[in-house]
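What follows is a set of structures for review.
In the two assemblies presented below, subunit A is common to both, partnered first by subunit B and then by subunit C.
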Partner chain A sequence: MSFNLIIDALKNPNGFFASNPLSLLCAAFATLFFVLIVVYSLKHMKGRKGVWRYYIYTIATYVSSLGVLFAANFLILLIFWGLLGLLLYLLIAFGRKEGTPATARKALIIVGATDVLLLFGIVLVWKITAGSSGLQGLFHMPITGMGIPLSGTASIIAYLCFASAAFAKAGAMPFHTWVPDTAENAPTPVTAFLPASLDKLLGIYLLARVTLDVFQMTPTMNTILMAIGSITIVAAVMMALIQHDLKRLLGYHAVSQVGYMVLGIGTGNPIGIAGGLFHMFNHSIYKSCLFLAGGAAERKAGTGNLAQMGGLVKAIPLVFVTFLIASLAISGVPPMNGFASKWLIYQGVITSGDSLWVLWLIAAMLGSALTLASFMKLIHAVFLGQPSEGVKKILADKKGKRTALSTAIPLVVLSTLCVGIGVFAWKIPFGQLFRPELSGPVDSPGIWQSGTATLMLIAGLVIGYLIYLAGTLKKARVVAPFVGGETLEDNPDMRVSGVNFYMTIKELGLLKGIYRWAEKKLFDLYVVAGKIFAGFGILFSFMHNGILSRYFLWFIVGLVVLCIVLI
Partner chain B sequence: MTFVYLLVFGFAATAVLGLITSWIDRKVTARVQYRVGPPFLQPFIDIVKLLGKETVIPEGASKVTFLIAPVIGISGVIAVATLFWVNQFFSEGFVGDWIVAIYLLAIPSLSIILGGFASRNPLASLGSSREMKLVIAYELPFILAALVPVIAAGGSIRLSDIINAQAGGVFAGNISGILALIVAIMCVQAKLALVPFDIPEAETEIVGGALLEYSGPGLAIFRLMKNMLFFTLPFFLIILFFGGLRLNGINILWTILEYVGIVAIITVIRNTNPRVRIDQAVRFFWGPMTLLAVAAVVLALKGL
Partner chain C sequence: MISAGIVPLFVAIPLAGAFLIALFKKIKGIPDIFGVFASGSMFILSILFLLKMEITQRIVYNIGNWGGFNEVLGKIVGIQLVIDGLTIFMLLIVNFVAFIVAVYSVNYMTRYTQKWQFYCLFLLMLAGMNGVLITGDLFNLFVFVEIASLASYALVAFGTEKRELEASFKYAVMGGVASLLILMGVVFLYSYTGTLNMANMAEIMSGSEQPALIYLVFGLFLTGFGLKAAMVPFHAWLPDAHPSAPAPISAMLSGVLIKTLGVYAIARVFFTIFGFPHQISIILMTLGAMSMGVGALVALRQWDMKRLLAYSSISQIGYIMLGLGIGTPLGILGALFHLFNHSIFKSLLFLDSGAVEYAAGTRDLKEMGGLSRKLPVTSGSTLAGAMSLAGIPPFAGFWSKLIIIIAAVEANHMKLAAWAVLMSIVTIAYILKVTRFAFLGALKDRFVNIKEVPVLMRISLVLLALICIFGGLLLIPEARAAFLEPAVRVLISGMGGGV
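Here is the complex of A and B:
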């Protein structure tokens, strides 16, 4: 069967693969990330065992993602989608931390379970639309132009199945929990390539295609999407605030940002959807930049524990600058690219006409402030602030001050894109790029002339610089920091690492309890489901205890049941 | 043309009005404390004096970040002030809208935080972290309160639409508008880091906090930035709740009254309250203030 399919595909590629503007754009970005990740890996993955396998898996991941993007029917999509889940598992396993095997397993199980849901959704869609055309129809069911109304139970379940698969891939709640773990335990380039960029592109691409091409959305379903998006934004960023590990913190942001994309697509109007899709591209740029820069800092410091870093700006200034730009972009500071897409999403929310739009808008805007807060903590704990004992040794070593070229190139390219796309956002023709996903033209009710605004900010910088010149900058003198008369070097306990900056928030009334539950992993679907299955296991192990009399009891019970049934 | 607006209004006019506002604030404070208070030009003289002092950079700090932080902050204020001036008086639909204004207004806080972090001083780090916590605390009620005029203007986020919608009657005349204005003034108090929310600076415990290591021109720019904010934020409130600065006929008097009124309220609050702790501030903004702001939003949605 599958052999015939391959022959068919070779004979008639159009029946199996097709492209549209959105998938072409996604593929262009996937290619960019693939190239940058390979360049970065040259230094980062050097000397690891079986590194050639790593490159093969990376290439296979890239090819599979192209397969998903250009799939013209559901079967092809499912095959490549499943392949990606497996490759994710194999790639995570290259990590060298203690939790790596468990993390890889967790990712495989969450992504694999939602693959099953995806299959289930496809079968349901086939049942709804072409149930009579037989199995052949299932294999040739095109993705476009269905417009199934979300009126019956079957279609709603089918939509939720597709959405779950998309959420698990992109990392939206409640299927997000593999993302922070992966961020912590997988090698940096893997995290930057899969959960940070490629999986976002694919997950949100699937969500957009399914939402806009396959089903006809109802206001209720839009509200559900917006609710999931808002909860994801705020809950994930609140978790990010209190993390102690550099890459785990970034991982929670990779979850939080998905919320904006889901929110944008959930608005159901062209401007919101354009914003959501635009945010998807922006996010993959700055988040992979953050992971790569964070990975470089972690490699330099020899640890990802925020309490043992600090002051790294002196050792790796270039990494600091790119990290700062990317963190301003993710926090939505104008004129970076993150602001441009968030701005579109907010307008989509305001004009959505949903009765709870204020709630979604507030969640999104507050999420942005909280994002800034957690990135300020990171910047202090990693790059600025007072260096830890370990970092002091690194700073004393003159040799360690160079950033490798293969590390620098991806960082510079990505951070330049952050600024460039933000500044020229007003030139981007969303209407043409995201067709046919957008049903109408994108006309925004608000105003954001990013070019002029950038010129204004630059003019402001010049004015500030002139004030400096009017003063006495040349006479600058370097003295020890003033700590109430003490010497900082003699008092290592005076060091503020920044890890506990948001302890105040953590211990605030209601939040205290929620945080405690979250730390017990009560909101982790994987752990909760695991505990439930373990409960069954205890039940079965109670039955199978190896004692003959107990087995004899089961035998009698079974016989009685049989007799009752038969008689 | 943009640069003329920026230089003349965004920078010069805002700076002068900001310095005058800061003089009003200091004079009223002095009178409350039975002192004479500074002469009219004192805020300006202070800035010039600071420009003449030497620049001191803490040892081991990130020099470039430390020195560039004030410049980033002042460029943010200049941009947002230009945005308000031009949308109000010259061309409607200039550069940005309500969302852009709120985001640009966060840049000064961001610059203070970055500057404090870069100065490699534990006290400055503490001050900056408090500033950050203060930002996330007041941002929630501030956005809610600022949303009330947007709802009242029929969901338009253009500043000119918000101003024009108040031609018949200002939003502060509605119940929702008054409630939102109260919340917004409290948030402005925190945005300016004035007592009782001067927690990031708290001279008596962390010796000036984020600004501790700044001296000379760097401190002058930060000072100027704060003074400019002292004008820009009340200006924003007047746009949102009083239909902007109206300079025709008797309205001039009203505008001046509104402006001085807001400044006076802020000054009186700062002179009659002790400093609160940061957790108390977070509780205050996420508790009562947010409830009040939510009530205002609900009333506004009902059309009151």
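Here is the complex of A and C:
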């Protein structure tokens, strides 16, 4: 009996599920990440208590994300979407850092709050389109083909509700603050799976579907999206520059990159949207690679504090190579995949015709440059540079030199994809891939021949290396640092860890104030809203002073007011 | 199909149980067995009524066979007991929660002495609540409200420590005044209509033009029953009283008592007798919105687990009142469904708080931490209850909140819908405080040796948690038609006439 019901549901009789090219592609990527994360977890999560629950939650997360991707109506989408928030909470709780419980709560509050907004958005859309069709209408409201114009207040609020749900899931500002915290406090595979890859796919997927299928965008709304994207890019990368925890730094980059996707979708023209979606896939590849490699480095060094790492390249060369490739990709260095999609986004911004397009373009390019800068610091601090005392001990231990197979496989696969997609990107027919989402063909005004450029780049690198070999650089002298016999208390092993590379910008005029505010968490919506609500709470708490006569007074006042109102 | 003669059993069995427990208190085990069997048989009886009755059927029982006077005098003189869709709906909830609580108490109440007194008062309270639900007579309703209230005053003071006695005193004073106002309302109404039977009253009220006196009656009933339902600004007794009672009683008070004496009575009086006039709709929505806000915001600041849950009850009652106040079929459906869900998850959460207190000996969230490792069942069931309360899909509470918000939007109360959405967010924040501080993080040293609670307590927790997870299935058309629709229909059919 119930078995038949399940069969019927799988055969999809009531049209609960549907697919389109975008959701199929997202599902393919989700499957890829799921498999890689499980492989990685075999080593990373080994020996923890209750690890079977970890795998159950991971599988449930994967299934729920498929449910979101293939949902044919909003209610199905909402159910799986909400389930993902709960699973995120449960998965973060596997972390063993001090801040883990607070992070888990923060993540579920932010995601859960936007779930409620999503619900409100759905109800508003139902009211706008089919308000008279009753509950049944709501239960079968399709996601596609609505085309609601963003003219009335209700439709604008509905769109903003949807967008905030997508932003919170993907980690765009102003709902981003759970991402860096999660990166710092959750287990590495969880971070690599959810905030870095899967949640990006789902969030941007929802944003794309809602923007392109459900609503008709207006130029104003496009400008708002592009502004949010640009601010996210620059602000998050500025925060990344000054971090001193490996995974927290990566977490801020995960936020920054979402800005590009939002910017791309906000351009409203086919090439920009294609670029945004393409960037979403690329991002999830290199960012999960970065997190997994970073997690491996952290596990090796026993700490995530950049000041206590360094010189790990000798201990884990494979991890270093993959990390390097992924960080070149995230910085948008050609010919990696990150460049290919950023290139499309730049063209989209230029052709968008928005009056402020120069500003958005500068933000996007500046973001790329700053990303590169921050990764130079990171690679120096973690892999290159002089090893810290702790790392020296690890290097001395010959046994630990091999990277475990279950760690190596995901890293190699992901970094190969970074290069492969980048070099062959121009062969991917974007116009076909995202066809239903776009209103027209993708015509790229810019010229980029990936293959030729790659060859030229390789040639350049080879020539450079030859010059290095032939030149005098080889004769550089290596000596121990000498500071006049003084012992330095701040830096006992007398080395430059790289943590303070960009501390200067914290002292620059206007930025100084902004950074100080950011450190006080004045830009964290979660903290600010929490304070406001707590303020009201204090107000009402004062009124509950436990004195009977006071309570009695309210009672009488209530009675009198009610009688006056009624008569 | 079903004989009207068994209707009085809903009051008779718990009353007899209470009496017998007092009689056989010396024999070990008797209070437990009688308590569980009395509430269990009530639950089975309610299921029987649910299965056997037609959707629109109304079973009437004339106490002492006074119904004969109807033909002679043209009006009903004696007390009638009436069972309709709404009554069955409420009876099922009340007796189910009571049964679960009785099972839980077998283990839990070993913390206290004088267990027989507990079960005696518990069954007395149950008799009062069932009486409120089945009576068709307004004065009789008042009497049963008083029986249930008196039993609950005593139960709040059951610990007989300083705090419990203070809370019970406050509760008794406030509750006593509220009962007085209700009685005054009944008196005024009787003087106007000349009958105490609710069906007769409804006929008279729907006829002629109403005097201004009726509005005074509205005010008296709203205040009196509003206090029993703990609506803002009549809620102040609740945050003291509910945490002071033993955990199973907190579960009964928050889970079903405030709904039976408050929400059900308001719905019955204003829908069935007065035909739901427009002013009442606006007042219920306003008070509901206020309750939602005040309860949720103050709950955010609490560190005592049970006190937090008590404030949360005020906030959730606000949702139910909002749904009732909207007054559309959808709104009433949402309100009743939320009433059901709230009974389940709030009893569950209070029982969980009792389980934590039983195992770890504290209610202060700041002192807890990492308990999920030692108390897996308690932690898991708390999470299920919390998610249902927070309205995270696909847990049961999500569906009822969804319907209430839809109803508000459908009736064009956009601001109320937005307010309900905002307060849902606050709800998520405060309930996660419980799960985060109690169960996540590193286990504190003093809790290394604690054990999971005894088996009967675990069974009750798991049962309630399962309903929290799968409760949404009640919205499937077949289940809805059997369980929710008849109750909604009763309230809808009461509307239309009146002032």
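Brief remarks follow.
As a convention for this text, the second predicted complex is superposed on the first by the 496 of 567 C-alpha atoms of A that agree within 3 Å, B and C clash if a C-alpha of one lies under 4 Å from a C-alpha of the other, contacts with A are read in each partner's own complex, and residues count from 1 in each chain.
Keep in mind that, in the parts below, a contact is a pair of C-beta atoms (placed from the backbone, for glycine too) under 8 Å apart; a residue touches a chain by one contact, two chains touch by 3 or more.
Every value quoted in this text rests on a predicted model; they were computed, and no experiment measured them.
Looking at the shared chain after the overlay, A:396 reaches neither subunit B nor subunit C.
The wider contact with subunit A, measured as residues touched, comes from B rather than the other of subunit B and subunit C.
By the touch criterion stated above, A:347 is placed in contact with subunit B alone, subunit C being left untouched. In the superposition on chain A, contact is made by A:376 with subunit B only, not with subunit C.
Of all the residues in subunit A, the ones that touch subunit C in their complex are 49, 78-79, 81-83, 85-86, 93, 98, 100-102, 104-105, 108-109, 112-113, 115-117, 119-120, 123-124, 126-127, 131, 135, 138, 154, 530, 533-534, 536-538, 540-541, 544, 546, 548, 550-552, 554-555, 557-559, 562-563, 565-567.
Residues of subunit C touching subunit A in their complex: 169-170, 173-174, 177, 181, 212, 215-216, 218-220, 222-223, 226-227, 233-234, 236-237, 239-240, 279, 283, 294, 297-298, 300-301, 330, 369, 373, 387, 390-394, 398, 402-403, 405-406, 409-410, 414, 417-418, 421, 424-426, 428-429, 432-433, 435-437, 440-442.
Across the complex, subunit B meets subunit A through its residues 2-3, 6-7, 10-11, 50-62, 65, 67, 70-72, 74-79, 82, 93-100, 102-104, 106-107, 110, 113-114, 117-126, 128-129, 132-133, 135-136, 139-140, 143-144, 147, 150-151, 155-158, 207, 212-213, 216-218, 220-221, 224, 278-279, 282-283, 286, 297, 301. Remark: subunit A residues 311, 313-314, 320, 332-334, 339, 343, 346-347, 350-351, 358, 361-362, 365-366, 368-370, 372-373, 376-377, 379-380, 383-387, 445-449, 452-453, 455-461, 463-465, 467-468, 470-473, 475-484, 488, 494-496, 498, 501-502, 504-505, 507-509 touch subunit B in the complex.
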